[in-house]
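Each of the next two complexes has chain A plus one more chain, namely chain B in the first and chain C in the second.
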Partner chain A sequence: MAEVNGGFAGKVLRVDLSTGKISFDDSVEKYREVLGGTGIGYKVLWEEVPAGTGPFDGANKVVFATGVLAGTGVPCNGRTAVTTLFPSCWPKPLVASGHMGGQFAAKLKYAGYDAVIVEGKADRPVWLFIRDGRVEIRDAGHLWGAGIRRTTLAISQEMGPESVVAAIGQAGEHLVPLSVVMNSVSHSAGGVGAVMGAKNLKAIGVQGSGSVRIAGDKSEWERLVKFHLSILGGNNQHVVPSFPHPQSEYYNPSSRWVGAPGKRWGAAEPPIEINGGLYDLNRIAFRSNSGAFYLGEQAWQYTVRGNGCTGCPLRCHTILKVPSVAAKYGIREVAQNTCGGMVFGRSFFKQLSGGLFGPASLEACMVGMHMADDLGVWCNYGQLQRDLIKLYYDGTLKAELGSAEYASFPWDKYENGDPAFLFEILPRIARRQGELGHALGLGTGGLLAHWSIPEEAWTHDAACGYWKLGHPKHHANEDDGQCGVIINTQYNRDPQCHSHVNFIRNGLPLAVQKKLATEIWGAPEAVDGVGDYTPMNIHKARRARWSLVRKELHDSLGLCNWMGPWVASPLKERGYTGDDSLESRFFSLATGQRLSREDLDRIGERIFVLHRALTIRDMGSVEMRSRHDLTPPWIYQAPSGAQAFTKGSIRMDSQDIAKAMELFYEVMGWEKATGAPTAEAYTRLGLQYVAEGLAVKNLVPGGKR
Partner chain B sequence: MIGQERHILCQALAEAIREASAAGQLMGRGALLAELRARNLLGPDEPNDPDMGALLAETLATYRDLAALTSISGEILYHVPALLSHTYAGILDRKASPLLLIAEEVRRNSAEYPRPVPLELFEQSPFDLLPERIELSLKTMAGSPEFEDISFITTSSGAVYLFSSRHLERPYAVFLAERADTGLLLNP
Partner chain C sequence: MKSEIEAEMVVRAAKEAGFCATLSRRQFLFLCAGAVTSLAALNTWRVWGADAPIVITDNAKGLLLADPSRCVGCLRCELACTEFNDGRAQPSLARIKVGRNMNFGPEGPLGGARMQGAWGNGLFIQDTCRQCPHPVPCATACPENAIQAAPETGARIVDTSACVGCRLCQRACPWNMIGFDEQSQKATKCFLCQGVPKCVEACPSGALRYVAWRDLTREAAPRAALLVVPPEKAKGCLDCHKP
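What follows is the complex of A and B.
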């Protein structure tokens, strides 16, 4: 095997909170075959956490792992995967991961570590101090009960301004399954806060004085970074602006590239006006404004600037400063987040005065960020809010809650879209107070079981957005037909995959998208127009496979799958082509180990299949197709009565989806009947040891079941 | 005019077109002739029109970064697509006729992407139409067979979108409008 001279920090830190033992593994020697991130997480769980372990057991482990490209100059590199047994996965906890951006990944690398494995359970609240080679388990008694902001401040004061803190809030402490760990003020990994809480681990503070070595030619590295910058679009790799511009042939009013010349960051001191050329590499940060995208024009006057992850020029966490909202609700003037985190508060309300771009929406967003990002409550990709809406409006809450508790909520404020309602509901979720606070915090699966509500009540309701295993859809058929459906069947939480949807929503005309699809996936039929779906074909299955493999690859390299892959670009002179080999070119230069695109994709597939194997092992069944890869009935229904493949309908056809799954299993080399990887598939990916482990339990197709 | 002189004139024309495109302007024959005079490349004894048609054809053939479009007035206009894209150039040209400006933009969006466009788009740069002007244009269109393909959709939130029935069926346009209006905002 080729020598690795860069990219990796070199060590994996292992902390046993039960014994206080701190030890180190050689990351290249032990984990290079799975790169980092989710790869290390899955491998640790496979090797060290036995089937049947509960998420809050001391035997469960939580793996904070970044990747080879984290902490380098590669754009969009700030990701840390946090992998563990998920308490919100229902009816049985299974492996999953949350992903956080921010500065944690880079600092961990600079301290000398590719990953931190936390095991055991402390007998009292502690936090983990990491400063280069110095690692200590410190008392967190004074921090227990505090929110994320206060915890971050206290540890930062202790460690110094160059440190980064990843902390849980009250939700994690109270073992609320819907809880996060958060670093750098607003960058959270959902679903894992309670696992830390169960270990009495309040936070990890990390400071590193090192750097990441790049093995390859430095000028070649710089050229590649510049090239990567040149093919970046706006947030989520939307490659055309939302406004017509002299330099752009195309535009799309729905694009997240909203920074038009003349717009102003009105709350910056002094205000900053967007200027310069559309493609200037030192103005990429002007392109994104999550506030303006989600809250409309009003957000510009409150925008301080964009914030974001290490090495990312996009700055998708928009900082908003709204003194009037602060004065009205007694909250901080400043809040920052992106996407689901930014709209956390407003998503609780069925209607808001003035609509999504009105003042009530802005207030709800500010209050929501203020509270959720301190209490550490996780939205489960919006399912928490949709659950409350459904439970309230269908009368379940009135029936299930005692009259005193029901009366304790200001439902008039809820119905009127008054953000003050958030002060009532969110602390109760974070502290498991009362029947409703407890039930909502369990996650959808837990609350359905808690109140004996049949899952079908959710799986038949398209408005609910629920998919399976206690978790919602995440860019499924509403965005990408069968490809989206396949992707949504594969994980034990929402899939968090953006490889497919970033292409679908990139804003290019359909003919250009089909041209690119032909180049990348072999045929124009790999892509449909949204809501103009055609029957399943092999090219879509290949695209689904590519999407999943690239997602795992990004999660294991420390790259952002919310931004990548970069197969489309804003560049007319390139025919809007991006670069499908960017990841492998960066990997080769960083490590000195030359891997082709196909080589690296094979590793991504290995990681993805390792996740599959873990799921099979912990479910104790090889019958993935019938028991795991489920689709909710709502995808086969249309309120209008439209048939599948009718223009303007996202309705799927059940036989076509059955075919889609078979084609997907075929391109993965899995058994069609069960949807489980075959022994040959494991062997092809260098996972013989996994196949052998599963074979002992009769969990490989073809063996005794 | 000898070859060397023609070469200098073509070069000057290309420069003038590039400068105009960088400033967001299209150049017609008259403006380019004035540019040549302003640059003292045409003597006082030169004819008023030194075979501009042939000069411009030669300029286009020589400098491949340049492009020409036929204006809605019938005039040939010149630009550099890298600085002033075909799309943007078309919008600038059609600004003289709000009816065509709206209709052609709606048709192009319906045909190419495909998608309906929000009415408010036309209040923004580079369209810069006043709401009253948009309303008047739409009323005029409604009574004109030339624009009978331009149709409206009002989404569930009350936003108005326009599409061309030549390129988009109404049910599909409704779906796309709802998705663009609130669907994408509620599906982060």
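What follows is the complex of A and C.
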């Protein structure tokens, strides 16, 4: 194999909290075949965490892993995958990952580590100190019980202001399955806080002064970085603006590229008017404003600036300053987050006066960020809030909660959309107080089991957005028909995949998308218009495969799958094409190991199939198609009575989805009957050792090898 | 020898400018720094008085100007600085420094309403080299005279062949802007990328600009106030900077 001269930090740090032992592995030697990120996470779980381990057992491990491109100037890097057995996965905990951005990944690389493997269980609260080569397990007795904010300040006082702290809040300490680990104010990895809590690990503080070496020629690197910048769109690689502009041939009101010239960051001091050309590379940071996207026009006047991850010019964590909330709710006037984290608070309410773009919505968002990002509560991609709405309005809570507990909640505030209600509900979830606080924090699966509610009550309800295994849909049929459905069947939590939707929702007209689809996936039929779906075909299966492979690739390179891939661009002169080989070109230059797009995609597929193998092993079954790759009945229903494949309906057809799954298994080289990878599929990806391990347990289709 | 020639040039220039040939040492120095600089392409005037060299560096031509209200904290400036110049991503080596203020602002994690940065008021403050006027603290501190003005931009640059890695310049910079490359064991500082700063080009929010130099050193209190002057230099300095 070619020598690796850059990209990798070089070491994987391993900390055993039971014994206090600190050791180091050579990343390249041991993990290059799986790159980093989820790749290292899955490999560690495969090799070191036996089937049957519980998420809170000392034998479970939690792997914080970044990737080759993290900490470099590649646009949209900065990601850390946190892989472990997920306590919210139901009825049986299985492997999954939370993904956080912020500054943690880069700092870890500069400190010299591609990953941190935490194993065992400390006998008292501790935090992990990492400063370059110096690693110590330090006492966290004074931090236990504190929120993420205080914890971060206290550790930063001890380590220095430049360090980055990834901490859990009270939710993680109380082993609430819906809990996060959080760094850099608002960058969280969901689902893993309680695993840290079970290990008595309050936080990891990192400071690094080293470098990530670029093996290739620095001028070539500079050219490629600048090329990448030139093909960036807005948030989620939406490549046309949401507003008409003389420089742009197209616009699309649903685009996240909302920063129109003339808009202003009204809470900057002094306010900043967005000016300059639409494609000016010194104005990229103004394209995104999550506040304006989620809260409407009102958000501009409260926008201080965009914030986000190391190296990303698209600042999706908008900083909002709303002075009125300080007096009204006694919270900080400044908050930041994006997407589900930003709307965390308002999503609890069925109704808000003024609607989603009104002042109550804004205030609920501010209160939600203030509380959830300090307590470390995870929303499970909005399922937590949808569950409460369903349980309250269908009368379950009144029936299940004791009258005293029921009466202890100000339900009038809840019904009226008063953000003050959040002060009642969130601390109870974080501290597992009362029946409701306990049940909601378990996640949907645990909650349903706790109150003996049949899962069907959720899987038949489209408004609930629930998918399977205790987790919701995430960019499924509502965005991308069969492709979205396939992707939503594959993981043990919501899939966290954006490869597909970032193309479908990029804002370009369908005709242009079809032209690009022909170039990338071989046929225009690989894409449909949103809500205008056609029956399944092999090209969609190929696109689903490509999407999943790129997702794992990004998660293992430290790149952001919320922003990539970059196969479309805003550039008319390029016919709106992006670059499908960008990842491999960056990888080759960074490491000095030349890999083609196909080579690197093969590694991505290897990582994805390793996840599949872990799921098969821990479920103890090859019957993935019938037991794991499930779809909720609501996708086959339409309240309006609309049939599948009629314009305006997202309704799927069950036979068509059965065909979709078969075509997907076919393009993956998996057995159609079971949906399990064949021995050949494992071997083709260099996973023979995995096939052998599964064969011993009779978990490779076709019997023993 | 060179210094004597330079001194002669100054005297000649002074004569042509209408000054009498007999200058006091102090007047002589003012001339060096002011009226006659346009007569020579040199940025540094070096003359010998008593037994000590006196170094007077002309003002830089260009300057990095940073606007904190526009900074989005992506650190692309730090990455461009080190990747495109050094072939490695290493913010600790970057000659523009944003990351150190990003979490809590320059005053650190104090808590309270005054706290800046992502955990405070949301303001990110960029630290840039002011390309100080005479006396240039880093250059003055250097016992090897390894920090000189670049011919094109006047940027105060480290001559790595002369730098011995003593770190006195780091101690001397009132703004804490000198980096130290552990790999090469040499000091490093902002050299304005020969007039096309990579950081300015890399900024996605237009928060950095490259402008004509002006003196920013008197507009904010220095972060550190440690004066470092090697004894052999101090003798010369005392001629003007009387105790």
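Note that the second predicted complex is superposed on the first by the 703 of 705 C-alpha atoms of A that agree within 3 Å, B and C clash if a C-alpha of one lies under 4 Å from a C-alpha of the other, contacts with A are read in each partner's own complex, and residues count from 1 in each chain.
The criterion applied here is as follows: a residue touches a chain if its C-beta (ideal position, glycine included) is under 8 Å from a C-beta of that chain, and two chains touch if they have at least 3 such contacts.
Predicted model, so just to flag it, every value in this text is computed and none were measured.
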**Item:** Combined model on chain A: chain C and chain B, fit or clash
**Value:** fit
**Item:** Which of chain B and chain C A:N282 touches, first, second, both or neither
**Value:** second
**Complete:** Value for angle(chain B, chain A, chain C) over C-alpha centres, in degrees, nearest 10, is 80
**Request:** Report for A:N252: first if it touches chain B alone, second if chain C alone, otherwise both or neither.
**Result:** first
**Which of chain B and chain C A:L356 touches, first, second, both or neither** = first
**Item:** Contacts of A:G604 with chain B and chain C, given as first, second, both or neither
**Value:** neither
**Prompt:** With the two structures laid over each other on chain A, which partner does A:A260 touch: chain B (first), chain C (second), both, or neither?
**Reply:** first
**Request:** Using the superposition on chain A described above, determine whether A:G308 touches chain B (first), chain C (second), both, or neither.
**Result:** second
**Asked** Does chain A have more residues touched by chain B or by chain C?
**Response** C
**Prompt:** After superposition on the shared chain, which partner residues are touched by A:Y294: those of chain B (first), chain C (second), both, or neither?
**Reply:** first
**Prompt:** How far apart, in Å, are the nearest Cα atoms of chain B and chain C after the overlay?
**Reply:** 21
**Asked** Any idea which chain A residues touch chain B in the complex?
**Response** 243-254, 260, 262, 293-294, 339-340, 343, 355-356, 382, 475, 478-479, 505, 509-511, 529-532, 572-573, 642, 646-649
**Fill in**
Residue positions on chain A within touch of chain C in the complex are 6, 71-73, 103, 106, 110, 149, 152-153, 156-157, 161-162, 164, 184-185, 208-214, 218-219, 221-222, 225, 268-270, 272, 276, 281-286, 304-313, 315, 319, 321, 334, 336
**Residue ranges of chain C touching chain A (in the complex, touch as defined)** = 69-76, 79-80, 82-93, 99-104, 108-109, 111, 118-124, 182, 201-206
**Request:** Spell out the part of chain B that touches chain A in their complex, as residue ranges.
**Result:** 21, 24, 81-88, 91, 112-115, 117-118, 121, 124-127, 157, 169, 171-176, 179-180, 182-188
